[in-house]
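Look for chain A in each of the two complexes below; its partner is chain B in the first and chain C in the second.
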Partner chain A sequence: MKKSKLKGWLYLLPAIVFLGIFMVYPLVDVFVYAFQEGFNFASQTYKGVGWYNFSYVLRDPYFLQAVKNTFIIVIITVPVSTGLALLISLGLNSIKPLKNLFQTVYFLPYVTNTLAVGLVFMILFKKTAYTDGLVNLIINWFGSESIDFIDGPYWAKMFVMCFYTVWVVMPFKILILTSALASVNEDYYKAAKIDGTSKGRIFRRITLPMISPMIFYLVITGFIGAFKAYSDEVAIFGTDLNVAGMNTIVGYVYDMLYGDSGGYPSFASAAALILFVIVLTITVINLMVSRKNVHY
Partner chain B sequence: MKVVLDHLTKRFPNRTKGEPDVIAVNDFTFEIPDGKLIGLLGPSGCGKSTCLNLISGLEKPSSGKVFFGETDVTDLEPENRGVGLVFQNYALYPHLTVRQNIMFPLQNLKGADKLEKEEMLRRADEAAKMVQIDKLMDRKPSQMSGGQQQRVAIARALVKMPRVLLLDEPLSNLDARLRLQTREEIRRIQRETGITTIFVTHDQEEAMSISDEIVVMKLGVLQQIGKPQEVYNDPVNLFVAQFLGTPAINTFTGEVRGGHVYIGSEAVLDAPGVPDQAVWVGIRPEGFILDEKGPFTLDLTRVEVMGRDTSVVAAHPFAQSPSVRAIISSENEVDADAAKVRFSLKPKKVFLFEEESELRIRF
Partner chain C sequence: MTTQNMQVSQDDLKKIEQRARVKRVTGKSLTYFFLTVWGLLVLFPFYWMLLTSVKSYSSYNAEYTPKFWTAAPTLANYRAAFTTVPLARYFLNTLIFTVATTLIMLIVVTLAAFAFSRLEFKGKNLVFTLFLALMMIPNELVIITNFVTITNWGMRNTFWGLILPSVTSVFYIYLLKENFAQIPEELYKAAKVDGCSDFRYLTKVMIPISAPTLVTVIILKVIECWNSYVWPRLITDDPNYYLVSNGIQIILFLIFHKKIMAGVSRGGTKG
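What follows is the complex of A and B.
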């Protein structure tokens, strides 16, 4: 008995070692850093233990800006991308000819290189010496002034950011939702048809509850993904996000570690823990809402 | 409400290129009298579900017409036909309670037909009582057994008081005991409501036990319609004879010569007036009489005594299947060690069929 238990641990050893080094240790380390006050990166020493790192981060205007940006991105992109993906999936599901073609087209962004996507958005929005960008061309057509989407007003930059985020996350959601819709048993629709159920009622009372677990999955992962946004911001506004006023929480963490003003793992850890608490809270709220509205 | 099918045909394009269309339902003409329970019976893929879908309106016929009473409903959408349909897998909405499931069709009603909430609840309760699930109204379908789910499905179909009730393989998802119980239940509900009911099944025993009339189909072609016992006693062709009855009918290759039916060299039965020809001879298992001087000799394989009946399993070189089964009363004593067993035959239980067309030869 004892011997076989030992054997079991032996089999687990490689996984435990790797997970321990690359997951558990850093996790613990984040907590440790976050509470070490006045940590000196060069000498690896600290002055005391306490909550100062948190109070500093919460008073840092760059961090507050990052929190605001992150929340705006989350609140706009998650509902919009999920709703649009649902509409497109319903459309895809109800057409027969060219269905596969459209499915492929909608999935293309998922397999497209981020840099290529960034380039496309440049062409759409970036003002250069030669052109104001495709979108401005259209705006000019309607007789309005050009807007600088990349270096201009905050709302314009936020619009581009949200537009980009929605566009990037949608293919995966469409993929999930089209397969969820296709997996609803045809007999439910036949039964509803026999009973003379209207289209709207079929959608609300049958389709939506049937695919609710998948919608819930997409909302949860969507929230978490949007809270962790960073690389998309860099792709559009470059690495100096604080100056552009478009930094996100994860961006702030990165800057505190490796940015030009970096070298403060304590502040980075504190910010990361604050993000963790925010995501945890939102996920718990999501779970509570879902208990009532999601049908497995 | 009587249901009349008039030269009803449904074709589907063949999936293999260059092959002719598949005719799922081929020129059906028959009338289902008001208030009867009808079994559509046939092997898998014979078009019985398609036939049901044509009656419900889920599918439109390629040609022909469907009448409910005197009204032509061929071009009506399913919701305007007033049919209730029970699916093989019940198709209960899993996220709704039993009560919500049963009320679902009522909530669809619009305009002049719209009901008050109280009226809906009352009718749902009434339907639930009819199928005896009124104590389970707040459960979800997943918390119920297959038989209970089946009842909910029937209640949901009944609640809007359909003119015709359609059941697609209603019992095939139930275990053997429940199947017996539920088919009695269906019979009772049908009697109480008096709704014209059509159900589809591939199980001949099921169809024969509860139907007022059965409709036997094969490859989209109507074979025979009639009261179950009539069809059993008087099949029009070899297929119907073989499809009905458990154990199945024993089929032999035989010959008619000079008014006698020969199987091999033995003249087993007289068939006066039948011209000389090669025939199929069908003998029902209960058509054998143990008789030491009988004209029909079989090689005895084994004897199975099952209470009331004794089943004699034998072999014969001219039989279509490796074993021939005769069912006789267990009062007869069969010597299980004997190599041969001899029978005489009950003429009413022996059917002759033409060799080519497999149509019945009456004598």
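What follows is the complex of A and C.
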């Protein structure tokens, strides 16, 4: 017994070592950095301990813009992508011919370099001196004016951003939901059919409760993922997100650390901690809601 | 009287049946229409990427209105991509990074998943809960310190600096653990009776049985490596590091898509 006890830890050792160095230790470090005031990266010294970094970050207009952008992206893309994925999965589940083809096509974005596809989106939406871009061409067909989606008004940029984000996150959600739908026991549907239950009622009373754990899983991970949005923004608007007014919280952290204004690990840590508190709060709320509503 | 009634209800029945059939056909067509629209939305950027890549520079710039096809496809852009930027070098970098990371991760993750699913030791549940808690922490929160750590170790612009931070994944440990836990306990006991060591049992029984899930983990990890952007950009001063391997990735996916789908959905529904 004693031997096998040691053995368990032995098998876990590599994972614990790596997680310890690259996950747990940094967490301690982030706390320390965030509360050190006037930290100088070159000399590794600081003036005092306190909340100054947080108040600086919270008053920084770039950070506030980043928070606003992040929240808009989260609030729009999580419900839209989850709902759309549910609709598509229901559709996929109800057909037989071509089902595999559709499934394969839908999973394609998951395996591609999102940066490269982001550049394609940029080209499709961009309006330059030479060309209005493909999307504007289609808009013109419907008799409307061209809009610059990449350097134009805020709502247009946000639209491209949300559209692209949804496009990127769909494959995984569709995959999870189709497999969840496929694993619902057929007998429930048969019983409901015999009882003459209507389609809407079958969906609400059988399908939805049965796949609710996976829906909540997707909502929770969707929130976490959307709050972490950054590389998709870079793909479309380039690395200088502050100028484009499209920065996100993670982008802000990144800029503070390494961008043109970089070299401020204290501010970056403070912003990162603020983000962590936001994500944690929302995840806890999500978990509480799901515990009430999820049917196992 | 009764026969007439019967007649009427027969007619009604036919009408109802027909209406139901029309409804069903409309529903099916709508479903297919909807699915096709999304399929086109997914495929179009890829088509456009391919199209732009075979257009010559002058014809690309000459189009005030973008065209949906090109009359004279050219491979010049591919040649340029391989000659102007050291694309072959980047490609090799990405390949080494991906293979090494995936291999090391596989060992770490398999051992941990085995410990969680089969071995008994004090504090196992506590450790597992802690592992799960780590899953919730956004990567960006720890990236700052990892950057400092790697810099202090003098590993910037080295492969170790790229590889080491991404060799553990709680997400995959969890996935594998669920899969291992499904293998009947009796097999383990029988192996023990026959004097089979734990490690031998892991390599000779569990890994072969869980091969599909392992393949899925490998493929997902390879995709993840290829798509990683923030960390390589931080740790190597080379912004072009990541843009290399799209074509190969898609080919890989088309070859393995059945295995990916099967493995992921198996893991996904267990949760």
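Basically, the second predicted complex is superposed on the first by the 274 of 296 C-alpha atoms of A that agree within 3 Å, B and C clash if a C-alpha of one lies under 4 Å from a C-alpha of the other, contacts with A are read in each partner's own complex, and residues count from 1 in each chain.
FYI, contacts are C-beta pairs under 8 Å (C-beta built on N, C-alpha and C of every residue); 3 or more make two chains touch, one makes a residue touch a chain.
Small disclaimer: the values here were computed from a predicted structure and weren't measured.
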Label the relationship between chain B and chain C on chain A in the superposed model as either fit or clash.
-> fit
Name the contact category of A:Ala191: first (chain B only), second (chain C only), both, or neither.
-> first
Between chain B (first) and chain C (second), which does A:Pro209 come into contact with in this model arrangement: first, second, both, or neither?
-> first
Thinking of the overlay built on chain A, is A:Asn69 touched by chain B (first), by chain C (second), by both, or by neither?
-> neither
Could you say whether A:Ile224 touches chain B, chain C, both of them, or neither, answering first, second, both or neither?
-> second
What angle, rounded to a multiple of 10°, is defined by the Cα centres of chain B, chain A and chain C, with the middle one as vertex?
-> 60
Which partner does A:Thr165 contact after superposing on A: first (chain B), second (chain C), both, neither?
-> neither
For A:Ser89, is the partner it touches chain B (first), chain C (second), both, or none of the two (neither)?
-> neither
Touch count on chain A, higher of chain B and chain C | C
Now for A:Thr104: first (chain B), second (chain C), both, or neither, which partner does it touch?
-> second
Across the superposed arrangement, the tightest C-alpha approach of chain B to chain C, in Å, is 9
Considering each complex separately, which residues of chain A are in contact with chain B in the first and with chain C in the second?
-> none
Which bits of chain A are touching chain B when the two form their complex?
-> 185, 187-188, 190-198, 201, 205-206, 209-210, 212, 295
Of chain A, residues touching chain C in the complex | 4-9, 11-12, 14-16, 18-19, 21-27, 29-30, 33, 84, 87-88, 91-92, 94-95, 98, 102-117, 120-121, 123-124, 130-134, 137, 167, 170, 175-176, 178-180, 182-183, 213-214, 217, 224, 227-228, 230-231, 234, 250, 253-254, 257-258, 265, 268-269, 272-273, 275-276, 279-280, 283
Residue numbers on chain C that touch chain A, as the complex places them = 28, 31-32, 34-35, 38-39, 41-43, 45-46, 48-49, 52, 61, 63-66, 107-109, 111-112, 114-116, 119-122, 124, 127, 131, 134, 136-149, 164-165, 167-168, 170, 173, 198, 223, 226-227, 229-230, 234, 242-243, 245-246, 249-250, 252-254, 257, 260-261, 264-266, 268-269, 271
Please name which positions on chain B make contact with chain A in the complex.
-> 56-58, 78-80, 83-85, 87, 89, 91, 93-96, 104-105, 107-110, 156, 160
